[in-house]
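In what comes next, subunit A is part of two complexes: it sits with subunit B in the first one and with subunit C in the second one.
Our next item is the complex of A and B:
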């Protein structure tokens, strides 16, 4: 990456970033949807909790993880959206590295999702007095998870060349992980077998890491989770680089 | 109608990779639902804290023998994060005076129940009216995935609109009713057939799936009908596939959770619960729950009729809305 390419990346990402705000659907999906999820699930299961720890304390954290791993949907759709195909084609013909096409999508949707989700988190955590602790570590986890999932969304687009397929895979994989990891409802109480199965889902590791940091000040999971995420991000970026072909952007 | 259906099949056949991947995912989702739900144990998880030198008190051993609880004996109290994640519903520790001390983050009703189980282990019978059987659990888990698949498979209809192919349909002799129903038949079959085959395979392998296969065929057909109708209904309002797709999956996830497809969230007979009955998923779950427990009544049958009627209304709106958008009116 030379200086000129970095400048290109910055300029294109800026435009992509602006473009993300233009579609009301993406704002809905990244702000209103997670907010509604937290409110609905929290209020519905409020009664089964006692005083010290509320339903919001559980769902606030798990649903933020759910939102973070769903941000792949945003990046996949931002990459292959109808209105973005022609601008993408222009970039192929322009001088400079064509990799900026997908790198800028990853960068811009990462910033967009992170911004939206931090806003939602700040809002819900103050309204419902959700207990958080070890905020810097949680922020690191959140950003790495976001980066991984937006990268994953773009990766599926690069591999399968169509948005429909990326959507299909993402929506199923994300929801299987979420249910298995106990993000939508806790799986831990459902017996030994289910508990073991739930560790198949990366969402479970994230939830476990966050809860041990918040409630027990136990950071033993944190470093391995961060290492795992960084490794996963590197793999995603390598696959993107190997499978991205600029010919696919011609329309 | 048949022409549209055949055309959809050909379009799908052209994208074999897509076909294979989506079928694999569908099978994975349904198998995950069966795998998980057949292993769920709904017992209370209790952590019994017994330091090394201490012997189990009589009451504690009685609790351990209780079939309704899953008691784990620990030397140290579990961490709070395990309680938050519902690994344990309660922690029982014996304090210096010899009394049992219960720590739980659950509500007082649960604590009272546990106390009565401790003092009177023999006469304790938990309230299991909320507990669901296997069949209801499997279909509840499958429901969200099937509904989401509907929105995803409606992409040929969305593509027709996105690429303005639909304008050619408008001037062709095919009426919109048949055009939409053709797409509908395609979505219906591609959802219903693979998921039924997975359930059938599971049943043949000897896994207890709760209902008999013909009943499953009927129930999956109703779910697929709802999924198809909702997908076409949603797509008839938007010209861009992404919008319908993202809005659709958000609505489906939110309403499925609200309707309690995974586990029952709301209390019966509150106003909120009545409002929730507007969601077809809630009525469907209620119906299959009653069917599996063998206490069908007229009102539960009405709920099933409501689901089918709502699907038909969705389809009708989809047709009317598409016709309104693309047929020239003076």
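Our next item is the complex of A and C:
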């Protein structure tokens, strides 16, 4: 990357980052919504859990994973929302590589979502005394998941060309991952087949890795999950590079 | 020849449809070159290819004699674009919009602030610099769209139908601004389907239809080249009946029509016969109340070239 590309990447990301913080809908979606989801599901299920793990311990972790894999909705919006798409054209007119457009959206959405979700985690974990351990490893998992997810949102926009279509499909994919991965309710009681299928969801791997590290101090899954996420991020970035067409920024 | 940009045999297809068919033209330094044509003529596609937003299937585009592909960043640094759509952030103020887009051209610090103020002042938005773009009227947003394109003081400004859907007052402001920019030495490539805008601002015109350039020249030369006739329209007061057939004895007269008090005489343009026409009217004891000469308009030129009106 040349100096002008790096400078423009910084300038565009900064502007997008500020725009995301000015958007009440995305602030609600990334702060209030996960907080309320943890509170509501934690309270509703508190009698179903007992002993060492409370409902808040379970949903505090799984719903943070759910929130992190939902970050793609934010990046898709930051990339191709109709009011953003038009100014994107001017970025193409400016000197430098046009790829800074989607890279800046990934960067700004990643930082925005990470900050919001860290805030929610800090708040809920403190209020509801949710047990956490292996914090550096959990932060690495959260950051990589956020990066994968925002990349996925942008990738869907590059493929499907509109934010509406990208978000519709993304929302289906996220919810399949979440349900299959047992983020909303455990799938383990639905038989061997369902249990095996649940491992197709990255959410299941993330949840298992997190719980193993917190409760069993077992880090054996950590490295393979990290490697899997890095691989997935690389694949997403390659697909973005292959499918991004500046023509699609013309309104 | 002092061409800033030259386009040679440029072509573009969407699926099977060829929308730009091997067109060639040059944009000379300091001119206001108007690309005139109906909707669907291929104007915006040509502009988008020139701005680098659309790829092209064949041909070549050069900036100061060098293939644009080989000096893309240099070209972009000297290019300002006013797209047909409003390419501004609605949630940012006028000043923030201009500052952000100008900064993408490497401007910073005091120079950036000076150029932002200059562009806003030029666009008549200096007093509203702190207001968010979403609070602006359609015309003001259009002016902000222009301010964002000129803040880095480009050598070439491409404007793609910048007056679409705005009130006459804002349109006049924009057209006035374009003339001022040209006086300051900026070269302008302006696309429109409004004939009257072309008449007002152009120094040269390219007429485009169905993906090809069908005519090129100044507005005067286009009219001269395409029409060899002119019309004298006289309002007269008769004492005795004027014999219309007498006019056909005068050299160059093609057609004479009389309706009530109005006499319309179509004559060859290159023959000086007005004195004879007037003399004939006076000798027939008629009084000329009014006389004017009608030459072809660009609308007539377009109609003659394509067989259809510009807004068909």
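Definition applied: the second predicted complex is superposed on the first by the 250 of 251 C-alpha atoms of A that agree within 3 Å, B and C clash if a C-alpha of one lies under 4 Å from a C-alpha of the other, contacts with A are read in each partner's own complex, and residues count from 1 in each chain.
The definition used in the following text is that a contact is a pair of C-beta atoms (placed from the backbone, for glycine too) under 8 Å apart; a residue touches a chain by one contact, two chains touch by 3 or more.
Here the structure is a predicted model, which means the values were calculated and not measured.
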| item | value |
| --- | --- |
| Three-chain arrangement built on subunit A, subunit B and subunit C clash or fit | fit |
| Partner chain(s) touched by A:240 [first = subunit B, second = subunit C, both, neither] | neither |
| Touched partner set for A:168, first subunit B, second subunit C, both or neither | first |
| Contacts of A:68 with subunit B and subunit C, given as first, second, both or neither | neither |
| Partner contacting more residues of subunit A (subunit B vs subunit C) | B |
| Contacts of A:120 with subunit B and subunit C, given as first, second, both or neither | neither |
| Contacts of A:229 with subunit B and subunit C, given as first, second, both or neither | neither |
| Touched partner set for A:218, first subunit B, second subunit C, both or neither | first |
| Shortest CA-CA distance between subunit B and subunit C [superposed frame, angstrom] | 13 |
| Interface residues of subunit A shared between complexes with subunit B and subunit C | none |
| Residues on subunit A engaged by subunit C in the complex (per definition of touch) | 4, 7-8, 11-12, 15, 19, 22, 83-84, 86-87, 89-96, 246-247, 249-251 |
| Complex interface listing, subunit A residues touching subunit B | 23, 25-26, 28-29, 33, 36-37, 40-41, 44-45, 47-50, 52-53, 57-58, 73, 77, 81-82, 160, 162-165, 167-169, 171-173, 175-176, 179-180, 182, 184-186, 188-191, 193-195, 197, 207-208, 211-212, 214-216, 218 |
| Contacting residues of subunit B [partner subunit A, same complex] | 15, 17-18, 21-22, 25-26, 28-29, 32, 35-36, 39-43, 45, 70, 79-87, 89, 104-108, 110-111, 141, 144-145, 148, 152, 155, 162, 240-243, 245-247, 249-250, 253-254, 257-258, 262-263, 265-267 |
| Residue ranges of subunit C touching subunit A (in the complex, touch as defined) | 48, 51-55, 72-73, 76-77, 79-81, 83, 85-91, 100-101, 103-106, 148 |
